[in-house]
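Note that chain A is present in both complexes that follow, paired respectively with chain B and with chain C.
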Partner chain A sequence: MRKSSKKHSTQLSNKVRLLIFIVLGFLIYLLSNNVDELRVYQGAQVAFYVVGIASIILLTGYSGQVSLGQGALLGVGGYAAALSHLNWKLPIPLTFAVAILAAAGAGALLGIAAARLSGPYLAGATLALAVGLPSIANQFTALGGEQGLFFDVGFPPESLGEEFTQYKWFFWIASLATLIAIFWLQNVMRSRYGRTWKAIRGSEVAAELAGVNIARAKVLAFTLSAGLAGLAGALLAMTIGTVSPSAFPLALSFSLLTGAVLSGVTTLGGVMIGAVTLVALPEIVGTIVNRAGASEAVATNLPHIVMGTLLILTVVFVPNGPVEQMRSRRVKKEKSL
Partner chain B sequence: MFQLINTLLIGITSGAIYALMALSIVLVWRSTRVINFAQAGQALTSTFIGFQTLKYVDSFWIALLVAMIGGAIISALIEISLMRVLLKHSSSGAIAGVAPIIATLGLLEVIQAVITLIWGGADSIITPPLSNTGFTIGTNTLVFSPMKLAIIGIVAALLILLSLIVQKTSIGLSLRAAAFSPELARLAGVRVDAVRTMGWALSGATGAVAGLLLVANGNGSFSTASIEFSLLLISGFIAAVIGGLESLLGAVIGGLALGIITAFVLMYISDSLFFIAPFVILLLVLFIRPQGILGKKGGRRA
Partner chain C sequence: MKSFNRRKLITASAMLAVTAMTVAAVPANAFSPKSEVGVTSKEIKLGVTLPMTGAASPGYNKVPAAMKAYFDYVNANGGVNGRKITLVVKDDQYVPTQAVAKTNELILKDKVFALVSPLGTANNKAVAASVNPGKRGVPVLFVNTGFSGFADSKKYPTTYALLPSYVMEAKIMAEYIKDNFAGKSIGLVYQDDDFGSDALAGFKSAGIKFATTVGYASGSQSASTAAGWVTKLKAANCDVVILFGVSSATAAGLGTAAALKYAPQWILGSVGGDATTIKASGVPAGVLYNAVGASFLPATTDTSDEYVALFQSIYSKAVPGSAFDNNVLVGMNSAFVTVQAIQAAGKNPTRKSLLAAIDSKGSTFASAALIPLNYSKTSHVGYNGYWFGKYSPTGDLKPDGGKYTVYTTDSGSGAVVKSTYKRPAMPAKGLPN
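Now for the complex of A and B:
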């Protein structure tokens, strides 16, 4: 109890938070001008992972449900964005909106099914979804089959100058979308819905006795989380330029879950940790392996081994994530003083 | 008519393999209340152990035995080194309920990378020990071959053996006691940790058989990236859920039902529904009878 009352007193006002996000955006802008092409591309990847991981944190950390099929929802978002761009010629911001809405719709359906399931059953059902859904795309010619569809957000506007590269443009769009999404998500977490989810996570029975409609709250969590996943899917599709079944494999779902666990699923504060790890770790391990002069096979497989081991160690020793771990340690220290 | 029989036979054979995977999932669930998503990776590892053995000996059946022992040892080691620590550490906290799921997924990633590192990503071949050409009746050729007959025989034998172990021996009694209530079992003198390791070892051996038979049922080629093995995991899981996750017989019924239904869907509706059909079946089962065919009411919440 003491902890929560303390948190209230240190909670930032909305204006200050908005200011922080604007400053953050400005810093990202400065950063994008000072790094090379590869780093800008990786920046766009980090942005997309941040949204994807946030969608899992919302679902798992705040409402206690686990989804192994988040990649499928990303696929829904990606395809919705590409289709609306190709068929209706919608401008890019609107295609993102379509992606969010389509994925949220799919998430609502999934959530209604999921509200009846718990633990391993939900995990298994969403896992089956992650394998099954991308293969549907092969069925319909409108979805482009195995090759998929193009999703081209176009060249950066000429007013930005000739030096302005395509990837930098991606990075700008992705960062802006991510900042807005995270700001919105923080607001939701602080609203009565966020408190409702926290109550459910604490104890379903107690929350129900306090008058919370558990099923409705869970479906809402699923819907909002899927909407975020849809945005992440559209960002991913933008970065790689196409959507196809192979762009949303089972491994994507697993990566997002890994990122969420490394970030800590109970708080949004660590979301960058997971996203940066997902992007940076393969490169770091690859560089080390190359320095050591190991073979190609080691270079491709070692990152997976490191990542999997990291995931296991995190679950065993820091189940709530590094940020929460530090906070609880601080609280303990204060108590002992 | 003839096509109908053929479809049924295909369904029963693939269903028997799903049933084995479901059995191995159920064994782990019963001993530790964990769904082991790394099970397919372990089955693949055991299959590679069998493949390696075949380089030295000529008999598929000896390779199967070695793979079973290897699978059991790997599975037991995972239980001792990972699951025990995990269940001790994360009994509370926000992700206590899903921690084992996430840990086994991490394990799956590690296992896949390690076996790719050892055996490479290219296709490996295990020659099926029996002929895969079908029996002929008159002028018609059944898709039913000696190999498929052997597969069904092996699955039936394993089911009987496992049921006997669980129902009739003192090991089985301890297994059931440890699953029912670890605390009470401990008080009654059951060495719960050892019993759990035993359950995992049995499961690993069963998974090894599933892996090798899966390869022998096909054209004998497999690789670390085989889509069949991800499907094996999902089919096994779905079969186990259909059967109620608790009962060995349920797992087998679930596996056969899944195999037969999938075979009919592929034959009579569209063979492109291969990936989506199991998912639809799972959803239907979860909606109509969430506790599974043989499950008891309320078991779902465990």
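Now for the complex of A and C:
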């Protein structure tokens, strides 16, 4: 049977996809040369949010497991990167690898426990992790206590010129890491494993009857998702130059979940939407409030209210996110033709 | 020949015209010294990051309004050399990631002249590492934390400490215990991190022996964990218990002990001894009654103090209905010292002249504190001492016998000495000139 042309319209070939990512990288490079220092810093922030949100989309959207403790896994990654840099003097790319491996290891352990839990129990267990894990740092002096540890990726190479700012360097590193991570994640999603996870999310019973080892698939999803979270944590640590327990609060886990819901939790396509919203919304609201001359109480609370409202509106009107919504509308239209 | 000369003349006059037009088009200030970031002829813009929302915000969220109240008072009286001072406030929720993001906004977007009173140790460390105000030459005045490290002018060249360090506080507290509770058995509850280890180091160097010590992990403090502390303290028969923690830990400790009818003589660290924050944690301020506390500013209820009286009247007009507590006093005092620093920086202040002014004249700045400032070319240490007193039934700290007895020391191995410092009279109307 011939492949239908419709399939081609949604599934790009690997070569084309690689080309798109390279073009995307080039566009980011051009962008970085044309915006000021604050914007490149925010770009680096968007990058680590993209990876963090992607880790939730992989876990929740594709394998159907819930994690309210993703922030803790970011913490594992951040601390692993900082410790390996401080103690072993590893070069930066290797510290990122260590972050990914350490968080993936923690994720595998968590995944083994998680595979026995589901629904609210799993949410509760991961929530406990988010609350408890960061304070471990206070118990061991090697982890730097409340003050945390420094994670200094160093100055940009001199060959880039004197005008080249530290934040542009962060932005380049973060963007490159993010592009590679998302490309890899897309590959995984289109592989046998991706299809297995989707089958589980659709119906565990049906998947099991079809011969899928549910527990193994779930643990694998948890491990890979944690690895991504670890990378996000290392990027976060890079942009703030330090790791400390308070950098990975419960609020971080919830922000990432919010970002994932805004992006649409069942598809990677909208991952930028959530990340950009998380970074830009507080600043936009702040600017508006300042211009309107509102009181302090309004100015400090409005960003939270707007974010909450946006979240509710998304859940009510576009539960699968804007990208999935548009796609399903298009598919419907094509079917009706 | 003639025509050539004429052409020469036309060229010359054209060049002259172009030059004249170019000169006219260039803004006038291109020839005067370049004006500094955040400073215009009418305004000086400052910025602050601190928790305005979230768990750590009660108490601290009153600081910006207090600072603004004093700045507005100065502005209404002619400003600093004719310039009005404005304060841009950013909420960091006590999260370092947010503190860095918001500080970047302040420096790169709002283009503030200097940062004033940014709060929190981990936050300030992250800002120093990522934003690097030292490298950018941005002054970070009077960080709102007692971590002794920020006074290190080599590591943080543009940062100035204001509060006495935790080490100083523990050393002076030890002296107070020797004077007042000699021979009693003493217990210590501390936060098990750098904050607590600074305190432990201070007590150790002062030679205090504890019957028992209870460390708690930051964030673990609650009524149920506090019940465990009380059991341990009771078992060790402590007559005197030092609670050297954050406000929520103080609230949990005092509240739980009261419920369990355990009543030793409490001594509270300055960080955790704030009645506003304790009340916000749902514990009545009455539990503070008769506890020993420390401060470097005059008592907030002491209206016979000229600074307190003036600040109270300014604050009650600016923020009607809000209680005048220690957070407000600290905020207004920081603003007061800031105004003097900017004034000392000259008619057209620059970031460089601001830093130089604090180094050279900072130790002579007037302030509400009963302790001198210790700024110099080699020292970024602010206050270095405390006085002790007891809490009233309404949770206000009052000096023993109505008289402030001030002790000073350093963050190292220096001795604790009774201070002979006499605070100079307040500048007329509280307006430094």
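Convention: the second predicted complex is superposed on the first by the 327 of 337 C-alpha atoms of A that agree within 3 Å, B and C clash if a C-alpha of one lies under 4 Å from a C-alpha of the other, contacts with A are read in each partner's own complex, and residues count from 1 in each chain.
Everything that follows uses one rule, which is that contacts are C-beta pairs under 8 Å (C-beta built on N, C-alpha and C of every residue); 3 or more make two chains touch, one makes a residue touch a chain.
Given the structure is predicted, the values throughout are model-derived calculations rather than measurements.
In the three-chain model built by superposing on chain A, chain B clashes with chain C. Legend: residue contacts after superposition of the two complexes on their common chain; A:Ala128 is shown touching chain B, with no touch to chain C.
Looking at the shared chain after the overlay, A:Gly241 reaches chain C, while chain B stays out of its contact range. In the superposed model, A:Leu38 makes contact with chain C only, not with chain B. When the two structures are aligned on the shared chain, A:Phe254 is found in touch with chain B, with no touch to chain C.
In the superposition on chain A, contact is made by A:Leu68 with chain B only, not with chain C. When both complexes are overlaid on chain A, the residue A:Ile22 reaches neither chain B nor chain C. Judged by the touch definition given at the top, the superposed model places A:Ser118 against chain B, while chain C stays out of reach. Of the two partner chains, chain C is the only one that A:Gln166 touches; chain B does not reach it. With both complexes superposed, B is the one of chain B and chain C in contact with more chain A residues.
In the superposition on chain A, A:Gly148 contacts chain C only, with no contact to chain B.
Taking the listed stretches 62-70, 116-124 or 206-214 of chain B in turn, the superposition on chain A shows a clash with chain C for 116-124 alone. Residues 131, 135, 138-139, 300-301, 304 of chain A are contacted both by chain B in one complex and by chain C in the other. Every residue of chain A that touches chain C in the complex is listed here, in rising order: 36-38, 41-42, 45, 131, 134-135, 138-139, 145-148, 150-152, 166-167, 236, 239-242, 244-247, 249, 251-252, 283, 286, 296, 299-301, 304.
Interface of chain A with chain B (complex): residues 60-61, 64, 66, 68, 113, 116-121, 123-125, 127-129, 131-133, 135-136, 138-139, 201, 250, 254, 257-258, 261, 265-266, 297-298, 300-302, 304-305, 307-312, 315-317, 319-320. Listed in rising order, the residues of chain C touching chain A in the complex are 52-54, 61, 64-65, 89-91, 93-97, 100-101, 104-105, 108-109, 120-123, 125-126, 128-130, 132, 147, 191-195, 197, 217-220. Taken in their complex, chain B has these residues touching chain A: 29, 35, 37, 82, 85-86, 89-90, 93-99, 101-103, 105-110, 112-114, 116-117, 120, 230-231, 234, 237-238, 241, 245, 272, 274-276, 278-279, 282-283, 286-287, 290, 300-302.
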